[in-house]
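Shared between the two complexes below is chain A, which has chain B as its partner in the first and chain C in the second.
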Partner chain A sequence: MNEKTIRKSRGIATIFLIVIIMMTYLSAVITNFNLAEGLATIPKALGWIGANLIITPETWERLPSILDKLFETIFMSIAATTLAAVVSIFLGLMGSKTTKVNGVLSVISRGVASFSRNIPVVAWSLILLISFGQNSVTGFLALFVGTLGFLTRAFIESIDEASQSAVEALRATGATYFHIVNKAVIPQTLPQMLSWILFMIETNIRSATLVGILTGTGIGFTFDLYYKTLNYNAVALVTLTIIIAVIIIEMISNRIRKVIL
Partner chain B sequence: MEVINTNKAMYIKRTKKGRINIKSGNKVDLVIKLTILILTLLTVMAFFFFDYTGLQLGRAITETAHNLKVMFLEPALSHFGWGEAFYQVGVTIGLGFLATIFGAVIALFLSFMAAENLSKPSISKTVRIIVAFIRAVPTVLWVLIFAIASGLGSEAAVLGMLFHSVAYLVKAFSESFEEVDQGIIEAMRATGSNWWHIVTHGVLPSTFTYLLSWTFLRFEINFGVAVAMGAAAGAGGIGFELFMASGFYFDLREVGFITYAILIIAIVLELISTRLKNRYFPATAR
Partner chain C sequence: MSLLQVEGLGKSYNLETKVLKNVNFEVGAGEFVSIIGPSGAGKSTLLRCINRMVEINEGNVIFDGMDVRSLKKKELRKLRTNIGMIFQHYNLVPRLTVIENVLHGRFGYKTTLQGILGRFTEEEKEHAFFLLEKLGIEEHAYKRCDQLSGGQQQRVGICRSLIQEPKLVLCDEPIASLDPNSSKVIMDHLKSITNELGITCLVNLHQVEVAQDYSDRIIGLKKGEIVFDGPSKSLYEDQINNIYGSEIRELITV
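Up next, the complex of A and B:
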């Protein structure tokens, strides 16, 4: 590196920094964000959390009903993820370059994936809420659609990455399409796919809370109810149960991932 | 004689009786099969746990099909104009951007503490535990909790989203720092440079592009989160309009328009981040 290139890269870095600062300022103006006020909020908020989000003995009585809703939410996200994964395997096989049947199906599957992934789960849940009403199925379907898009993309990537040579070898022996998929593609990519599925279950439990607030189901609804009735002790308990559930599931899936990958 | 026997024992699995184990499979296979089995069981069980209040499946499906047709084939604006629509999209992008930028700056410093090759094991572990804790709380709960303290507005939304962005980026950043060639750090340490020099002249230059790509990936996520926060926590922006259009006005055409707007931005962001990924992470995404 001579002096000229250093000076040049320093110039680029300065311009980059200025652009970032200008964009930050612009965003702050558009959103009415006040940095000083925002910074002042942090200690205030933390103080408030310390003072109000305390679990009192009376709130423990609500634990069974909270746990009931929590399990409903966990089941909802697992069911949505697993079923979406089954469909995604087919879409992934259609969409991948190595295993696609024909170009049209590949484009269709990639299109479906992109469409369902890029419309946020919030939009799906609001759309479904209109006709499905306030029940678990709405939340389940919203999570299902969002997961479908994400997993299809992930599966396409892992199939593309893993199975090139094995597929070629099998094709050379005259194996049928079904044989190739069943004996080469699936066994090779299964650990990777399972890892994505586990990741999605973790994510979905968090999203399920959000979906629950919007569609009035599961733990999200319980949180919203206590939040709106200003029962902050119960809010603290609900938050705590969610944290514990998410951390336990993360630990389990990390264990599994360590073994299979 | 004995030597050969022990050698054999190393690569031929035998049962307790001394027979050669002909059952295929190993621990990995077992775990994979078990995981799939358990997930299937839980999925089947889930449908018995569901709450089916007021669900008429047949009617709901035909209605949704009709709604989707109206939404996506006849999008229109009725409660606000094009200018307002652009402004609201801008607000959502702005919220996502602010959370990402502040998150990246904070995460940068925290990730120096979290990276194992740049800090002490005890500090690194503490930061990781805190980060895991923050990540476990859903973003919407952070936003709602901050909203009580600072009132509904962009401050609560940005701060709530900030928490998750920091947690995500600390993980990503510290992992990139740990991948830095140990030789660079060692060489600099040998010349007598202090920690600060190692970071600014050794670690940062070689990871800068990774950090930028991760930050942009987070921006892509934060756009979706900002839409969600608008809808669920009243943080404003296009998400709030979506919530109003579907929950209060029941205006499907407007919902369709807003959905299209979100879709376009999301696809543009995805295209950019895919290009970034292909350029800087050729190993993980091809």
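Up next, the complex of A and C:
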């Protein structure tokens, strides 16, 4: 890189910065957003949180029923993720360049993956709400569909990345397709796949709360119920339990990751 | 009758460039043949046409009386079982143990279920250990392959190909990623495959000296065409220059 190109790229960076500042300013003007005013409300908002979101002793009585809903949500997320993982392994094998059986199945599996991934999980819950009604199956399906897309994509990449050369070698020995998948692809990519599955379980427990608010199931429904009945103390307790649950799950999956990778 | 006949072989991956053009040669049983040529000359493609890891576009390959180009799935599997293959990057499953990787060479003889369940007979296991011992890596049998050095991994690759009990072993740049010492060990082992076991070896190399030292016969490939085919000792400097398109002293060889 000579002096001229360095100067040129610095020029481009300056232009980018100016463009971003202009866009921010324009957006603020169009939406009547005033940064100073926004910042000024922060202390007030914090004050409200401090005054209302306090866990009072009588709220603790509600803990068993809240935990009940929380566990329901956690198990639903795990079930949705693991079931989606099973289907994703199949779609991943079909979609990967190294292990695909034929072009048609490959296109179908990639299509399914990007279709289910590119529609956000919130949209899925609302769409499924219309057809399946307000029950836990709807929440389960919404998580399942979103997870399916993401995991298929991740698995395709893991398979392509990790096992190309070993697949070639096994093909050259006269091994059958199932030999290759079982003895080269799976052993080589399993740790990565498990890592993705754990990541998705964490993510889904978080999304399950939101999906629950929309579909009226699990901990999300409890949150929504207390929120709408203005029982802010209970809302605080629900939030706290969710945060603790997510942290615990994260710690567990980090430990598992360390062992398998 | 010769073990391998290649007649008018042509291969192209796309419409513009032909990787192989009208390649003709024969290899008899028990020969040790080196294929030399610059990168992109079509050496790897040529080897992969022989066990049909890539499809053949023109001409025929006859291996042991079988017409490779027209083989059906099942026959193709049988063909590959009879041909071992050794790769530049060893192509092992790094997370599995050495012994597991060696036994992978037996899949050609297994039904799908036997292979998935990992059913190997005592003889096969003994044979695997015998080969590991022969190549001097039996103490690593239960180590994971990613813990071994390059030279050791390549020896695992050789074991995997030999346990197939092949008639022909194709070696695709077997020493291109190895240091000079390991290279010598690997080439000595390959040579002994032919001398002791009588298995035919077809070796892609880009080091001219190595090819001259080890093989009886050299095939020179340039832009997909054979430009030299004959005994190693009749390969003179002007022919090497023709193959590589440069003066020999300009070549940096290991």
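The rule we apply is simple: the second predicted complex is superposed on the first by the 249 of 261 C-alpha atoms of A that agree within 3 Å, B and C clash if a C-alpha of one lies under 4 Å from a C-alpha of the other, contacts with A are read in each partner's own complex, and residues count from 1 in each chain.
FYI, a residue touches a chain if its C-beta (ideal position, glycine included) is under 8 Å from a C-beta of that chain, and two chains touch if they have at least 3 such contacts.
Not measured: the values here are computed from a predicted model.
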{"item": "Touching partner for A:Ile78 - first (chain B), second (chain C), both, neither", "value": "first"}
{"item": "Which superposed partner A:Ile260 touches (first chain B, second chain C, both, neither)", "value": "first"}
{"item": "First (chain B), second (chain C), both or neither touched by A:Gly174", "value": "second"}
{"item": "Touched partner set for A:Phe223, first chain B, second chain C, both or neither", "value": "first"}
{"item": "Per-residue touch tally on chain A - higher for chain B or for chain C", "value": "B"}
{"item": "First (chain B), second (chain C), both or neither touched by A:Gly38", "value": "first"}
{"item": "First (chain B), second (chain C), both or neither touched by A:Gly11", "value": "neither"}
{"item": "Which superposed partner A:Gly111 touches (first chain B, second chain C, both, neither)", "value": "neither"}
{"item": "Common interface positions of chain A, toward chain B and toward chain C", "value": "191"}
{"item": "Chain A to chain C touching residues, read off their complex", "value": "163, 165-166, 168-176, 178-179, 182-184, 187-188, 191"}
{"item": "Complex interface listing, chain B residues touching chain A", "value": "27-28, 31-32, 35-36, 39-40, 42-43, 45-47, 49-55, 57, 59-60, 63-64, 67-68, 71, 87, 90-91, 93-95, 97-98, 101, 132-133, 135-141, 144-146, 148-150, 153-156, 158-159, 224, 227-228, 231-232, 236-237, 239, 242-243, 246-247, 250, 252, 255, 258-259, 262-263, 266-267, 270, 285-286"}
{"item": "Of all residues in chain C, those that touch chain A in their complex", "value": "51, 53, 77-81, 83-85, 87, 89-96, 100, 104-105, 107-110, 112, 115-116, 118, 157, 160-161, 164"}
{"item": "Contact set on chain A toward chain B in their complex", "value": "20, 23-24, 26-28, 30-34, 37-38, 41-42, 44-45, 48-49, 53, 71-72, 75-76, 78-79, 81-83, 114-115, 117-123, 126-137, 140, 157, 160-161, 190-191, 194, 197-198, 206-207, 209-210, 213-214, 217, 220, 223, 227, 235, 239, 242-243, 246-247, 250, 256, 259-260"}
